[in-house]
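Input: structures, listed below.
Two complexes, one shared chain (chain A), two partners (chain B, chain C).
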Partner chain A sequence: MSKNNSEFSVVGKRIPKLDAAQKAMGRAEYIQDIKIPGMLYGKILYSKYASAKIIKIDISKAMALPGVHVVLTGEDVPKKMKMGFYKDNPPIKKDKVCSFRDEVAAVAAISPEIAKKALDLIEIEYEEQIGIFDPEKAMEKDAPLVHEHTKSNVLKLPWNIHYGDVEKAEKESAFVVEDRFTTTGVTHCCMGTSGALALFDATENLTVYTNTQIPSLAQKDFLETLKILGLENKRVRVIKPIIGGGFGSKLDTYAYEHIAILLAYKCRKPVKIVFDRVEEFKATSTRQPTVTYIRQGCDKNGKLTFRDIRMILDNGAYTSWGATTPTVMMMPISSLYRVKNIRYNAKCVYTNNTYSQAMRGYGNPQATFAIESNIDMLAEKAGIDPIEFRRINQNVPNETTPQGFKITTCGLAECINEVEKELKSGIAKEKGVGVGMASLIHVGGGARIYKSDGCGAILKMDDYGKVDIFTGGTDMGQGMDNITAQIVAEELGLLAEDINVVHSDTDICPWDVGAHASRSTFVAGNAALGAAKKVKQKIQEFASKLFDVPAEEIKFKNKLVFVPGDQEKSMPIDKLLRKAHFSKNGTMLMADYFYDPDNESFGKDFKCNLSATYTFGVHGVKVNVDEETGKVEVLDYIAAHDVGQAINPLLLEGQVYGGVLMGLGYALTEEVVQKNGENMNANFRDYKLFTAKDAVNIKAPVFETADEAGPFGAKGIGEPGCVPTAPAVANAIYDAVGVRIKDLPITPEKVLAALKEKNG
Partner chain B sequence: MKAFKYLSPTTVEEAIAFHDQHSETAKYIGGGTDVIVKVKEGWLEPDYLISLKKIGEMSELHKNDATGELSIGAMVTHATLEKSLMIQNEYPIIYDAVSNIGSLQVRNVGTIGGNLINAVPSADGAIPLIALDGIALLHGPDGERSCEVKDLFIAPYKTILKPREILKKITIPPQAPHTGSAYIKFGRRAAMELPLIGIGVLLSLGDDLQTCTRARICLGVAAPTPMRAFNAENLLVGKKIDKKILIEAGKIAANESKVRDSVRGKAWHRKEMIRVQVRRMGLKCLEIIKNNS
Partner chain C sequence: MATNIFFKLNGDEISYEVKDHWTLLHLLREEMGLIGTKEGCGNGECGACTVIVDKLAVNSCLYLAIEIEGKTVETIEGLASTSGTLHPIQQSFVENGGIQCGFCSPGMIMSSKALLDENPDADREEIKHALAGNICRCTGYIQIFESVEAVKGMGGQNE
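Now for the complex of A and B:
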């Protein structure tokens, strides 16, 4: 499989995003742009309290407002209708609210203004109750229960592993360090806000236009909703408009989608709900805030002996996929560097905060922050240079980790070397300037967290040499469309622009588990490649008869089908396709392929080979710390990754740059500030997302280890960019001024307070 | 968002007349970067927005070379100030402040007058104009009056302007020779940032280039309205200025401030920033004076 980049025609080329012009010219259709005749506008009323009983709801005034078609309350929602993998979240709450984000009523009206006015007319009598907002306090015995029917605020989830013997290893360690690290809730900040449009046809089949990263699983959730409404045996069609950013925020179905369905069903008209920016901040999820207690040890030569981690996650009031992030945290905990003895226990705890969800890295950034900050502390205690320390413990190719992950290709060593070169290249150390680094491991070949990790693709060729490929994969801006086109074009000797990638409609596209786990290039890419190979074989068979040579001698390049070295035996592909089509017993060239990677779901003790391959990377950063103000300035950043093969270096760099900036925001500025469960900064003025002016100089070298399993050798790279950023920055700050900040984000206040404490 | 009518008078008198006609339901609009945000969010529900954009004289930026007086029309945008070489060279404190407001787009439409009249404690534009002893020229139904910029503010979102009164322009008296001025907005981001604290310092030195003849230490977000740290200023006037005395001035200014804890930042840190930045801006002033003489 390993091929030199120069042997490729389309793969490895910097081809701009296929829909870039459409987006730049404002022609891309987002959910905001979609209108259907007769459509009504839905709006949701949220709770006024973090925790309260609902005593009475009076909707009469809202119903009486001209232009209002339907007002729904919890009474109208069938009891069985619950969302999330824990099924603890009804789309509209009935007797009790458990967070400010709780939906208490919804309206459909002829205009968004009237819908909003109707919300103001709904009268609700609450009886406020004591809430609980700190997950550690929520674990205490006499803490108020977020959900009265549970015995404890701790969710019953089995996040526990112990490989080897941690206690014994600790006794035998020469050096041990332990500490407590915390991370806060940050949010995805998608430029396109959330929204959904639901409509029923005359026979009660449902179509939902929605921003989703999981069209097939969303279809399943919506079918479930129909079933609960008594609509058995109906069809659900999910259409994705162009999505303005996902980052994990769209990996579940949400109240607004189910409410749009309920409203549309009740009023027999299409209903659209679109979030405004404040709603986007308040009613979408955050990354899991975590409290991590970590102990690591090494022998006198710096070889890691054990890693022991206990973690508490703020689940918020309801449970979405966020509560499963400990399964992904297990990956860096068990497999970043070579550590034989591993113990990990995680507790997800209900609080009256907003509920947390998947976000780029899926737990990995939180775990890596604790591990990699602590690694630097351990290296210091052992008296070993932090780069050398990592080298002593680095992962190597062809090794199985304690959790059973089979590492095949691994470019961690190359990444460490590259980052070292960059960090040491600076001139003599100035006051307040420091460097830091951190490594990452992430799934790079899918992740079997669902029964199937597969993706389907259907490919057809027309009479003009063009391809339509219908893929289960989802483009949400990350470039799945380009990758698919480039892979198919490479295989069939075409140009990327000859390939039309259709990924928007469950009526047309095959099944896929979703755009998560950095899997689209690997899994959807392999699905597309599989379909292309099948079509290629059919063309070869046809051309073999035509040219009278064995099929395998037929090659494809520059839109030609030819036999190398024989000028007579060559034909433009479109001509050949027409020949195939318009001859007696003619044929059209089409193929389908379903690719499900060779990876495993969690077995006993969570052991398995979760991914078909793993992505590695090392980030290095140089910072300047103003010792009088505590302000941290990022001077330089390098993010080196082993990506297998860059299918499109331009988009790959885009993923890395975007990831790093998201990671820097996580490290330094971003935080959803919740005061007793209430979001205090639901706007871009006070939610400190990095701006263009804050963007830093990032170098993004890639190492191409050409993975056997990947399409043309590629591994996933969607998430890694934001995984080791925060610990790299924390380590650099320590190097610069000698204070270690263990709580994100690292604000000037925290740095200055630590400096004052250190300097007395 | 409530619908409104947009009126475009071409003289101050006409604008006031429009406002008279529609009384309570009208509101002046400059660049609209504060007004429209409030209308969109439902805090303001005017039936009429009276734009001051077409009143030519209000967009004039002019320095009278004979008198040395600077005149800034209230409708002059931050971008106009930022790009003016005269401002860059002679009024660095104005440049420091306006060149870091919001984003390029905001600076292209947002005006200095709107920034003052919106009257938030974090208004970047207010600090330099106070430091420069700016005079605000107001025009209302009863004619013109003027006041010092520092006396414009009563409370957050509240100025001394009477109903229908318009801020026409701000004049800056001639600056003494050997004057340096500087401003810093301390925030967490490089753009789209309200200051956690804003610090402006202006120093004039005597002919010995050492003794302070005038000192202005102005603080934003340090109190409900932009404020001057009079005690710190008094410490400096008449003294020889060096790092040591600037450190002392920083301490005094920090103590004079009425900073508070908020979601955006902690009071103790704000105080620290005043302490540190008064010194730094003071040193910057000395640097500017040195370079210009």
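Now for the complex of A and C:
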């Protein structure tokens, strides 16, 4: 569906993931696999209560256990050492615990078994306090405070927008619907659990091996930790092993990383902490659970008049970067479909639950669930077909939204058409079978949530025509490595296999803000392209003298540098590189490039152009609802996206398929069950992921709108797969059996209860 | 307590002194350094640690090491030829996008091998059934199914 694909040699090709063979052979080294001589094993002891005072800790028995090197408690952590967006989270808690996940002690020992035994020997006396677990109740005046020093459990974060005049628009609306929707905490479930290994060298410089999506920002956090320990002017090197899944779970730095550093510092030995699966469930974060009150209206022709949303987010006991998810929620709220009058207010509220954080989609799935479920309700009230209703309101290219987002390329119309074709292709409606759809907008060209949205790349070519590119970007399985290689290979007329992508080490890789916001293809891709263009220009200048033609006539293809139409003027690129290197005043071909997209951070009233371009998509689903059991079966799924240009369709489809299945889990089965703050389902039997048995057929057509700002036209596609999945399913269930489920996950119990209510 | 056991591992005869409480996963990863077999849950719920014992795919985290006495064990390290040529199943996973983060891949590939050794013409439903115990969070499984199905077309080199 692209005009240009045939012009490309490497871009647009289904090239297998560069590290797939290594992974297929079991040779890839994850944090679990790394051992360093003299390494100790760290373990963390967690709180027994959701809210309690710590009266006394006795570590003497643990210290006396042979093989134990260090036992740390909150007493050993400098007061200033705190993590998170709000700096409200010490890596080990001292006088008070605010959630079951609170770290109260840590041990380093010669084996994991001894470390575990030592934890059992630590004696702690608690005085239990009343906890608060419902964010709406936590907002009430007399609610117990999670943190006593705050006046209220509501975080002082300014998530408030009002564009146009919602009240006036509501009065003028022909139809208005309002409702309340809730979403629950789901978790990333990376197959490779969390872990970090910290070691100090002889001069007290620190190296941390860690599963992180933010190597440069993690480096900054760890430098701060060193500073607090009194280690001024020391260096921190962050090394990423192969990462066993990210999905947003590694966008902060975490207690286990800082504890590994503290333990390693205390005993001056390498210390590794790796989570087991139960710990991964209990001591990593969830997506923000939300309560959403939404009102939307339209005129008699179905044109949206206003959207008014109030949202409460369960922050949990501490504040991660995830507390900024309302800024991303603003994106669909202000800019999905054309709505002039927008109001949004969000409150993040402390509770004694596990703290929530970033997860694929970063707030967009929660907001889109409410918006797109409610759109179907509004369409029904207005008596308009839901597909037609969306068409009436669809975003179009070259338009600025009320928040100031500049929509450049936009293939939403094409996606709606494609999904319509698929949903209407079935035979006559069967009992219990229904179809539903939902659209999405997402940042496709970075997102300026930090001072810089940039990524650096350093590219060098060797004497054999091969490239090493050192990128700030992070691969965690999603394919940043391939995207980088294919872009560089395309630009320099090489093959993807000629490009070695190094993305693992802050000592050699430049800065990058992190693998979030579906930004790697766009931002890391543009950084790689910029570096490749600079090297290309240098080669052209050299070849221009050699061939005696203007530099711009020199072309690159199939590892050749040549002048089209002149067979004499052609040379294999490796030979040319050697010529450049070994001639008098020789030169090596190298270049660096820092790409920071032309997007904006939030200005007054949160107005800005957050991303350099936006990705659009529409999902359609066909379900069968068993009215006896309430069970929902997904029969078919289509996820159509405008991706600008697919750099690698094989990997792109993998992102969409994986995202959709994650979204279906969100819609139907997944939930971190917390009972008074305690995780009740910390295993894969009770936390219900879709398995191979439950896998569904997914079609993933792409539309290539060739975005001018993207590398070879590409936009980001990492997150969209799981953004509109839940509302598409909820809409299909309504179409099938006439009940609207407003609370995720849509379990058989909820469907059955709704059917009972409907049928009396 | 330790017991000396004899078994066959990836074609080699092995004699090893194992402690009675060791799991097969512990023996492979921690004692023998075969890190290709992964621990995803330690509880038999995710399949990342799948190896083949006497032609059956098993969770090595639930299998006591002493129980492999006299048995034949295949792990991911034994699949590619010594010259480095990938086994057709590995090659197919590579080519068809069956691998993203890769943490589930060794287990997924071993479960696929146990299936195809037994039933080279397995259809989609049989593949789904055979892989039901192997969790993958990245791929949505589609490209994994396609990888297993495509092995058939690779010249039937599957042993």
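Quick note on the criterion: the second predicted complex is superposed on the first by the 757 of 760 C-alpha atoms of A that agree within 3 Å, B and C clash if a C-alpha of one lies under 4 Å from a C-alpha of the other, contacts with A are read in each partner's own complex, and residues count from 1 in each chain.
Here is the rule we go by: a contact is a pair of C-beta atoms (placed from the backbone, for glycine too) under 8 Å apart; a residue touches a chain by one contact, two chains touch by 3 or more.
No experiment lies behind these values; they were computed from the predicted model shown.
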{"item": "First (chain B), second (chain C), both or neither touched by A:V549", "value": "neither"}
{"item": "Chain A residues touched - chain C or chain B, whichever exceeds", "value": "C"}
{"item": "Chain B versus chain C as contact partner of A:T747, first or second or both or neither", "value": "first"}
{"item": "Which of chain B and chain C A:C190 touches, first, second, both or neither", "value": "second"}
{"item": "Touched partner set for A:T669, first chain B, second chain C, both or neither", "value": "first"}
{"item": "Which of chain B and chain C A:F684 touches, first, second, both or neither", "value": "both"}
{"item": "Partner chain in contact with A:K693 - chain B first, chain C second, else both or neither", "value": "both"}
{"item": "Touching partner for A:M25 - first (chain B), second (chain C), both, neither", "value": "second"}
{"item": "First (chain B), second (chain C), both or neither touched by A:T629", "value": "first"}
{"item": "Overlap of chain C and chain B interfaces on chain A (superposed complexes)", "value": "684-685, 690-693"}
{"item": "Contact set on chain A toward chain B in their complex", "value": "628-631, 668-669, 673, 675, 680-681, 684-686, 688, 690-694, 747-749, 752"}
{"item": "For the chain A and chain C complex, residues of the former touching the latter", "value": "14, 16-17, 19-30, 32-33, 188-193, 242-247, 276-277, 476-479, 650-651, 653-654, 656-662, 683-685, 689-693, 695, 697-698"}
{"item": "Interface residues, chain C side, partner chain A - complex", "value": "34-43, 45-46, 48, 75-77, 79-80, 86, 90-91, 93-97, 99-106, 109, 127-129, 131-145"}
{"item": "In the complex, chain B residues that touch chain A", "value": "103, 186, 188-192, 194, 263-266, 269, 272-273, 276-277"}
